[in-house]
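What follows is a group of structures, each given as structure tokens.
Paired with chain B in one complex and with chain C in the other, chain A is shared by the two complexes that follow.
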Partner chain A sequence: MTSSSAHSRKALSKIACNRLQKELVEWQVNPPAGFKHKVTDNLQRWIIEVNGAPGTIYANETYQLQVDFPEHYPMEAPQVIFIPPAPLHPHIYSNGHICLDILYDSWSPAMTVSSICISILSMLSSATVKQRPTDNDRYVKNCQNGRSPKETRWWFHDDKV
Partner chain B sequence: MAEEEEVKMEVEAVQSVYGDDCVIIESYPPYLHLHIKPRTADVSSQQFVEAAIGIRASSQYPKEPPLVYLIDSKGLDEQRQTLLLSNIRDKACELPSCFMLVALCEEAVERLSAMNHPDGDCPLCLYPLVSEDDQTERLPFMKLMSCFHCFHSECIIRWWNWLQIENKNNAKNVSSATLHLRNGGDQQDRNGAVEESMGNCPVCRKVFHAKDFEHGLDLVGSHSSQLNAEKTEIKVDEIFLHSDLENMRQKFEAISKLQQENCGLIGSKSEQVVLPSINPQNTFASSEQTSAEETSGQSQNGAAANSSSSSTRPTTSKHWNSGTRRQRPQNSRKHVKQWVRKDIGGGAD
Partner chain C sequence: MQNQDGAVADREKESAVSIPISEVDDWANFADDDIMQQQSAIHAEEAKKIPFVGDKYLLCCNLTVLASYLLYAVTLFQGNSLSVVSLSNTNYPMPMKNGWTVFIIFAILITCGIEKFCYMELQEPLSMLAAEYESGSPILLEKIKVLDQQYAAIRRTRGDGNCFFRSFMFSYLEHILESQDRAEVDRIKGNVEECRKTLQSLGHTDFTFEDFFSLFLEQLECVLQGNEDSIRFSPFFSQDELILRSRDQSISDYVVMFFRFVTSGEIRKRSEFFEPFILGLTNATVEQFCKSSVEPMGEESDHVHITALSDALGVPIRVVYLDRSSCDIGGVSVNHHDFLPTSANKSNAKGGSTVPVKPFITLLYRPGHYDILYPK
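For the complex of A and B:
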């Protein structure tokens, strides 16, 4: 469904390739705590295993993130979604889309996969209740044609979680 | 007490050396704050670090060395902060029981000057900004004047261009897919954040303008594939390598004009001339002008003469006048090595 929307499947530019290779090497040397990159030969799509942080409501739970890189990464943000089943969280839709500003409007090319992962884990860790966003059903229905979360116009209204 | 007077005089000396960069908090026992900038950075675009240090002595000074600590710094990571301080403290230990305030301040400035380059990787491509071994060639880097964050010039300009294009596209089509309806005010905010002539620093998000990276534009040009542009730039660079050559260039421009008016005829006398060998074809083309050099009766370099042939001069020379030579030390050095002595009699080959 949401996995590979056609719009971002252009091959990586040379600049994007170089940057991703650099990130991959750095990840191998120094991976963010709680994350595991599943090795594939596809530089353009990373599958990353997330372990809920100990002491949070997601402790001992494991989820999978799918990170797709656009042609002009890092000028453009990557598309980051949870592969369903996605964690129950007030900012994570059941189709895996994540409402997190740095993935969209607040993206900066100085961010890395590693820094995104840390932000997502921090978002998970600060949640106190396991629940879906209030507009989950409406949103997921709207996305049934396989729309990317990057085409969504997000409204970031909650800075607590 | 004689010694107290001496110490106070030393503090006065520090004050007079560093002027406004020095704030005396106590003259006895000496306690002062010093704002230090690298000595090598007289063009602000070439200043990558700065620091404020505190020096506080006890009444036992100078028998006991003063306490030195860091108040604030820019462009220095923790490792370099520590190194700077330990350098100054080492200096204090080298000078037991001496009046050392001025020496310590000097040490601080010297050490900071040696650190006047960005550290670590470019935040955009993640490759090092400064080569570690001097062997591998690195891309030119620059700082944003607004916040001191450093990038490869190419990388930050790519980001700037990307923002400008994105901004245009945003203005054209307001996305139809809307999760939550925004009101008109929000919409304005979003477009206002990245106006045509603004960008955000990728590291700190501080707004920057074209003027904050202008000084890096010609650095990128020198790596562009446009060979012609590259050649003319090198020449201009050479001219400004020697400050007096700009004056000479003007002189020769006048002479060249005269020469053109006289169908190239200007009296000559034999003279040894220093010519650069970088651009043999250009030197050759300007052989007419070598006669102009002779007339002047001075030793002269071909670059200046070349520059007087206006066809190869870039139209933007006015921009370069503002201190380009300092911005590209590597290039300058490279070309200095290529100066060769030539006998004028042999012609400009």
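For the complex of A and C:
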């Protein structure tokens, strides 16, 4: 899930590289509320700190998101996971994989890291109970070979949380 | 929230229409969808290899037609009409029921081989369409005859959900290449600038769309010959070059996405106008519709998309419908609809130039897919 996949990944295309540099500049000027980008020299992997929104069940909790960009970003979706320990949430697996449509089938090149972050925070904020998905153990076991969440065929049916 | 356990991404899912076999084995119930499926059955093996934009077909390719006939005859004889389909649409090997299945596979392989071999100059007229529908409804065959009288050729596009935008892209750029209509290019550039402002006013940050915009503008410059830019980019820009570019994913997909941005911007800008149409399609809000059905790549286009794109860019589009809709008694006619840009968008026309009214882009719609048609 972490290092092995990173090494086999293809480098960013020129257009992806330019785009990410612009996104990073925009982030620095105008970061989404509740998020902090941890400065590294790796443009292809962003580590982002998430603070649970005040007044929600994740208030005062901090988590880390790992965002890996593919060669043809933004035509292809980035891979976004929580670095364990991941928040206890009905759509977040204990290995950090997130079941959120915009990260997979509904990804659009019109989106940005910032808009992904806002969607993830909104998903966290609307949860009322801290619990894992019902199929957590089975899913995590199936991912033991380091499978990316982008290879999972997700089934999105709950639009409330 | 659930993952389909253990299911590795189905790489085939984009490439072919999924076909419920049981529904197709009764010829009496053969409907439009089945006709599309039959076509995809023959071409499914090739699905991944079909270029974004195909060759323009003018003459009959007898070999392919022959192979199609052969396949059809064999499947009929076998009784189990579409075992071919299940074979080409799953990752699992089809159990070899009998010798005929083997023979069909062999026939497909030969067909594919022939297609690849003929790739350079493979040409077919609309009669090629007729061959595809040989087993289908007589109404369709009649309609194809009517089309054959009005249209000279067809150019296929890949059925990946972007076919409307891809057909539009190729058809528009080809028109500019052939007409060298500088006034039209200046006009559309004005509209593109409007679209840019629309997106900005809707809250899009420039970097999210500027790469897509500049790539489209670059293509426009390239097809206008004699222009300094076109000399710099490509001194001998020809139709072959346009085809190459349309098949180059890094160009083609960016231009498709440019159109998706433009379409989404137009729908959201005039949300009161589009809302009733969108409610007729889904019960999503305008915003949700754009996020889920316009902006992601691979989402198919409907009337709403075509109207919005045509209005935003001020380009009229004719869509010819090849379906089984009933015809007037005493003669078969093929329905078409002209999407004409609304007058609201003519206001920015500079120097008294007007939006052309007669569409120079003609697309053939068959249930679920758009291709390009060439009038005679």
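Quick notes on this structure:
We take it that the second predicted complex is superposed on the first by the 154 of 161 C-alpha atoms of A that agree within 3 Å, B and C clash if a C-alpha of one lies under 4 Å from a C-alpha of the other, contacts with A are read in each partner's own complex, and residues count from 1 in each chain.
Assume a residue touches a chain if its C-beta (ideal position, glycine included) is under 8 Å from a C-beta of that chain, and two chains touch if they have at least 3 such contacts.
The structure displayed is predicted, hence computed values, not measured ones.
In the three-chain model built by superposing on chain A, chain B clashes with chain C.
When the two structures are aligned on the shared chain, A:P90 is found in touch with chain C, with no touch to chain B.
Legend: residue contacts after superposition of the two complexes on their common chain; A:M75 is shown touching both chain B and chain C.
Once the two complexes are overlaid on the shared chain, A:G52 sits clear of chain B and of chain C alike.
Once the two complexes are overlaid on the shared chain, A:P32 sits clear of chain B and of chain C alike. Applying the stated contact rule after C-alpha superposition, one finds that A:D105 touches each of chain B and chain C.
In the superposition on chain A, A:R19 makes contact with both chain B and chain C. Which of chain B and chain C touches more residues of chain A: that partner is C. The clash between chain B and chain C in the overlaid arrangement falls on one stretch of those listed (6-14, 168-176, 294-302 or 330-338), that is 168-176.
Within chain A, the residues touched by chain B in the first complex and by chain C in the second are 15, 18-19, 22-23, 26, 72, 75, 105, 108-110, 112, 135, 139, 142, 147, 151-155, 157. Residues 123-127, 158-159, 162, 175, 177-180, 182, 190, 200, 202-203, 205 of chain B are the ones that touch chain A when the two sit in their complex. In the complex of the two chains, the chain A residues touching chain B come out as 15, 18-19, 22-23, 26, 72, 74-75, 105, 108-110, 112, 135, 139, 142, 147, 151-155, 157. In the complex of the two chains, the chain A residues touching chain C come out as 13, 15, 18-19, 22-23, 26, 72, 75, 90-91, 97, 99, 105-112, 133-135, 138-139, 142, 147, 150-158, 161. The part of chain C that touches chain A in the complex is made up of residues 1-10, 204-205, 207-209, 211-212, 250, 253-254, 257, 260-261, 264, 291-292, 295-297.
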